[in-house]
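Below: a set of structures, written as structure tokens.
Shared chain: subunit A. Partners: subunit B in the first complex, subunit C in the second.
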Partner chain A sequence: MRMDRREFLKRAAGAGLAIAGSALGAAWLYDPRGGAEYFRSEENKKTASLKSYRVDRGKGAVEMTVVRGKDPEKMMRAGIQAMGGIGSFVQKGDVVLIKPNVAFDRAPALGATTSPDVLKAVALLCKKAGARKIIVADNPINQPEGCFFKSGIQQAAADVGAEVMLPKPGAFSLVKIGGEILKTWSMFHRPLEHATKVIGVAPCKDHNLCSASMTMKNWYGLLGGRRNQFHQQIHTVIADFAQMIRPTLVVLDATRVLMQNGPTGGRLSDVQEADTLVIGTDMVAVDAFGYTLLGRDPEKLEYIHKAEARGLGSTKWKEQNWREVLAG
Partner chain B sequence: MRITRVRLISQIFFIGLALFFAFITQFSYLKGYPVSLFLEVDPLVAIASSITTHTLYRSLIWSLVILIPTLVLGRFFCNWICPYGTLHQFVGWLFSNRGPRGVKERLESNRYRKWFALKYYILIGMLVAAAFGSLQIGLLDPICLFFRSLTISVLPAVDMASGWIYVQPFVYQFAWVVGPILIFFVAMNLVIPRFFCRVLCPLGALLGLLSRVSLWRIERDEQRCDNCKLCLQRCQGASDPHTALRKSECLVCFNCLDDCPHGALGFSMLPSSPHHEVAVPDLSRRRVIFAGLTGLLFFSFSRASGEITKNFKKEVMRPPGSTAEPEFLERCAKCGQCMRVCPTNVLQPAMLEAGVEGIWTPVMNMKMGYCELNCTLCGQVCPTGAIQKISIAQKLGVGEFTDLGPVKTGTAFFDQGRCLPWAMDTPCVVCQEVCPISPKAIFSREVEIVNRWGKKITLTRPFVDPTLCNGCGICEHECPVKDYRAIRVTAVGETRSRDRSLLLK
Partner chain C sequence: MLLLLMAGIGVAIYAKGQIYDPSLYRPELTALSKQAPTEAHPVESRTDQPASAGAQMPAPGVGTQPASPPGLLDNLAPTGWKPLENVTHFTADTLYEKIDGRAEEYLDYKFVGLTCVSLVNAQDSKQFIDVYLYDMGQPAQAFGVFSVERTEGLPAVTLGREGYRAEASYFFWKGRYYVQVLGSGKGAAIEQIGLNVARTLEKRLKDDGKPLWGFKALPEKDRIPGSIQYFVKDAMSLDFMKETYIALYRKGDAKVTAFLSKQPSGETAAKTLASYEGHMKKYGKVAEKRETDAYTLISADMGGAFDVVFRKGNLIGGVSMVEDLSMAEKAALDMLAGLRDKD
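Right, the complex of A and B next:
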């Protein structure tokens, strides 16, 4: 049977539309770039940047307080009081990220993780200052749920109504760090995005490679990606952390100090009670002091000197405005 | 309410419960729930593992809850409780021609076929293998299949779509095999409804054999019956309710009661006339013997390959608390509960690493995860004691277990040709950092060397202390030499077997 005119026109129109459609589709999807540009474009991926969480408290403000005592809650209160009160750090409506070190699946007494009592003390102060929300977040080395549970941090957070944010894959994004080695890196960014204030609460620990894990090293726990490569230049990388983040405050939890077999510990005999908290705004100074609690000489701790050389803080805490307080 | 409605509620309840258990079998939700309950009440798991081990492990005694009623009521488990059966029934229903024109097709699809007897031969072969010490029922046991498929393939897929299941996504080797097996069995319902239940299920076969003595059964009143065969329309077991009932095939679904237009069918105690039933499945004696021989030969041929003796593989690292390999193969039902509950994803289904008998048994793959020091969850959920229920103290060898020493699952070895400080003048020792033992099982020596540019550098080079290493594998897991790690754990030194120990003690 021969095709009639109507049928012919219908088919011709159909074919024409299909051809035009394929041409438009191809033009829309067309990618003229070759290898070099392709790989370069990977580098230029969108990155987020961290804002500074620091507060300006004017000249002459106390930069560091060393608190001795037995009761973390009283110690935190007294220490912060000596620095002008919590109101000068956290204001009404703030969202505060508290970053403990929950890297390992350990009981609090083993000193491998931030003491839940200290975390609670910090969170209570923030609450008192009128914080709208408190987030507790870390990206542990061991399995996250187990770490938060066994370290007691989960319970502590629940006790004070803080939200624990677990390192789900969606919570990470590429962040501009601008360090000497860490230029951009995958970071547990979601809590930092939400937060208006950031407080690092780190245990004071021996470390097998970099000698000590304190408030600077604590930020390791907000990084993702291939962070097991950091060890190849550990001191430079830790100095990069000081460049990466400007926290509102850091607290060195030396209620217990992990003296040996760090950073994991594992036996009670690895731990010494030191009944000390060091609160400060300059991580380098806090860590320089903290190193003495491990019975070691801050002159020999490479990363704090690297950070100091970059102007990220001072290892000479004695020359700063600091206080020593007895509490509880 | 009609009895079929009650049955449907029961099925929905039990498949819901099974899915709920599968979901909560993880660190954050596991709060003493009996998450392995379905496996513990499974009479096939109980009977076959008592044949292999001559004992009935812990909660398996609960299988009497299913076994005893079966002796009275028949295969009610298959159509009232079994979640895998419910899945197949649902899919069969979904794809059946349910309209008035489909009657003929439906009658045909539920016709009994002689080869449905295959499941009995499968059961016999598996039980004979069990008698020699090889527990293979888990390959086809519907409860093991159901939970294994969920753990290895379905839940990771659900998580991919939703992010609801894990904090950090879990993956399983051979998910691409376990998943398609599930799809195949489910898809076979389009060819023959409840293909798996009618043709392959060894648990169904066992319950079919047991139901021989059951007192109650479907009974047809020949006065009322006009041989319309409409009772076959939705018959789940293809058990011929329209003629002499095949008791061993009847799943007690009661659909025939609903579908009989004359009210000729009922469920009654003690048959009024014995020729109204076929009490025993139609098995030929020669085929039974052949099936048994096949089971025996399967056992001999697989042991003849030496995979659990001389030729055991370094990759076969079993979870902490596992029994020695021969007993492990007597106990492991391949249900995958340990892999589900493992918080680090280190437990993976074996394909042929552990020999053909070890298909789907758990092995540790340190690329996927590592064994968390303070964790014994795998042994808590294991229904058969392949992984014994041990405490943390026992795993660590402390307190009252000091004399036994820690449970070791293998030993770590450095590959000095790939290790950064050993081969490439580059600092690292991540392995030492993450070693959870105190004092650390990885120690180091500082060496001062002159590098290729003439610069003096100090390197920290790691070593393993085999007396302390428990084979947890976190060192291997965290090693930055990602593809083929510079420190690797192998099975030697595991405490579950003296034959595989490393050091003289």
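Right, the complex of A and C next:
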């Protein structure tokens, strides 16, 4: 087939335009980053970060109170009063997330979950301080409805007008944790998005794998995904939680202590009434003290020392500004 | 055509580039990899499914298939009570969903399946009874997990091969099953309801009644009832002591812990004995090592208390932390003599 000059120039120009277009397109799409780096940075755009929920109370503020008594409401009031009053932590208009441990569908008496009476006491104080909304949230893996019902937490929340937020699909986001093992992970994030203040309320109990489950371990309950794989290096992962979240306050509920067969329990004979609440701003210190309530030596609790080594708190609670209070 | 093809490839590459590959965002698995992934502990990230809470919350009764015969937990509710939800099932892979933090212990004992049901008082929803039926595959595994969870001093109840009560909760094992019937509180009424539920279930469970090896092999004389335990690993907190039966004996005013383990071969038993001897040398002082054609026996002062360990064929046994050396040696030699008759 013969081609005249005009036709040749037309086709050559077309081919040139196509090649130039491809080159420009490639240049536009070209990214100097390596594949993994590219995907990571893309994902980071979708990854949430947790803000700090701590409040600055100035130097000399009481950091921890150990409250002894029988009535959780009076105990909470007295303990918080010794720390400067609830107004130091929660202000009018705040949205407060209370994170209990509702990990199992157990009755409250079995000590495997946060006491509903302690949860109520915390929520009532927040209401008194003028909190606009109180959210109660946890992510029990199996049938959250059953866990909230049987633990009595659902009823306790309803009694004080708090909203129970269940871990529904869509309430999870990837969150940058930045820990030693936990870098970025799926988390029950929606309640944290809404909250301006966060209070962890954890039972004090024996744990089969990490010896004790207290305020630091409590945050494990916000993780999504197949989180049991973290049991392999559980002490490092628990220390990561202290890095992950800076709560406003933590409360260690040692009104009942599950002394053995934790974390699930099941025998009332394993539960000891310790009639104690430990309230504090330093989870490491609170857990160090809490471990003594299990009759164990805090020197031997690996995760609090890992957290301390990272500068996330102090195991030397005696050296802190703390008070012991008798109430009710 | 060629240009169209190129453009198509370009579009395909671009589209692929927009798809997030979750394998790139796993946690630092090297930090976790001291224990190699197994079928029971797969290391996988679900960060591609942040909203996978739905998968974490199986609808009641929609779990994996039960390992034990179906229907064992059907119609358990006594008069005035009703099931709170359908029967649920868990496998080794999903057990953590039900008892997160405790699942590993059951997996060590070669757990097969868990079937659960909750019963609630129709008049008072705060009163409920949870029934956990653990299929442990073999009677020894069922007994093992029952024994290590048992709290000392709780009243025995005639249920299955062995059972006990903690307020309104009942625990027993029968055949390959370990059963927990957990009452939500205290009181005679719920205690009785719990017992009725436990008895109904007990009748449904099969058991060949064959005694466990450890029960036969450990001496009966002076044995404290209900004190036998079976550890698949870490018996007496020693990582080399595997598949070991332990029992307490009353010798005068003192309590003596005796142990016995059947190893797969004489060679394995010799290795275990060597590990025990190493432990004695590290944390105590070996007092005597006696070797005969029939057995090897080593005694050691472990810092104020004495351990005596022996090996006979593929058996490892002995006594631990006995205040008096002669008492410890006598107890160990008595055990050895008994083994001659039984093994």
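As a working rule, the second predicted complex is superposed on the first by the 281 of 328 C-alpha atoms of A that agree within 3 Å, B and C clash if a C-alpha of one lies under 4 Å from a C-alpha of the other, contacts with A are read in each partner's own complex, and residues count from 1 in each chain.
The rule is simple: contacts are C-beta pairs under 8 Å (C-beta built on N, C-alpha and C of every residue); 3 or more make two chains touch, one makes a residue touch a chain.
Predicted, not measured: the structure shown is a model, and the values here were computed from it.
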Fit or clash - subunit C, subunit B, common subunit A: clash
First, second, both or neither for A:Gln143, with subunit B first and subunit C second: both
Which of subunit B and subunit C A:Arg267 touches, first, second, both or neither: both
Superposed model, subunit A: greater residue contact from subunit B or subunit C: C
Touched partner set for A:Cys126, first subunit B, second subunit C, both or neither: neither
Touching partner for A:Asp105 - first (subunit B), second (subunit C), both, neither: both
Which superposed partner A:Gly224 touches (first subunit B, second subunit C, both, neither): second
Partner chain in contact with A:Trp185 - subunit B first, subunit C second, else both or neither: second
Touched partner set for A:Lys168, first subunit B, second subunit C, both or neither: both
Stretch of subunit B penetrating subunit C in the combined three-chain arrangement, among 218-226, 326-334, 398-406 or 452-460: 398-406
Touching both subunit B and subunit C, residues of subunit A: 104-106, 141-144, 146, 149-150, 167-170, 207-209, 226, 228-229, 231-233, 261, 263-264, 266-267, 270
Subunit B partner contacts - residues on subunit A that touch it in the complex: 104-106, 141-146, 149-150, 166-170, 207-209, 226, 228-229, 231-234, 261, 263-267, 270
Interfacial residue positions of subunit B with respect to subunit A in the complex: 27-28, 163, 167-169, 343-344, 372-375, 420, 426-430, 432-440, 444, 460, 474, 478-480, 482
Complex interface listing, subunit C residues touching subunit A: 3, 6, 10, 14, 17, 20-21, 24-25, 27-28, 31-32, 34-35, 41-47, 49-54, 56-58, 60, 84-85, 88, 96-105, 118, 125-126, 128, 130, 149, 151, 153-154, 166-169, 171, 180, 182-186
In the complex, subunit A residues that touch subunit C: 18, 22, 25-26, 29, 36, 38-40, 42-43, 103-107, 109-110, 139, 141-144, 146, 149-150, 152, 167-174, 180-188, 207-209, 213, 224-233, 236, 260-264, 266-270
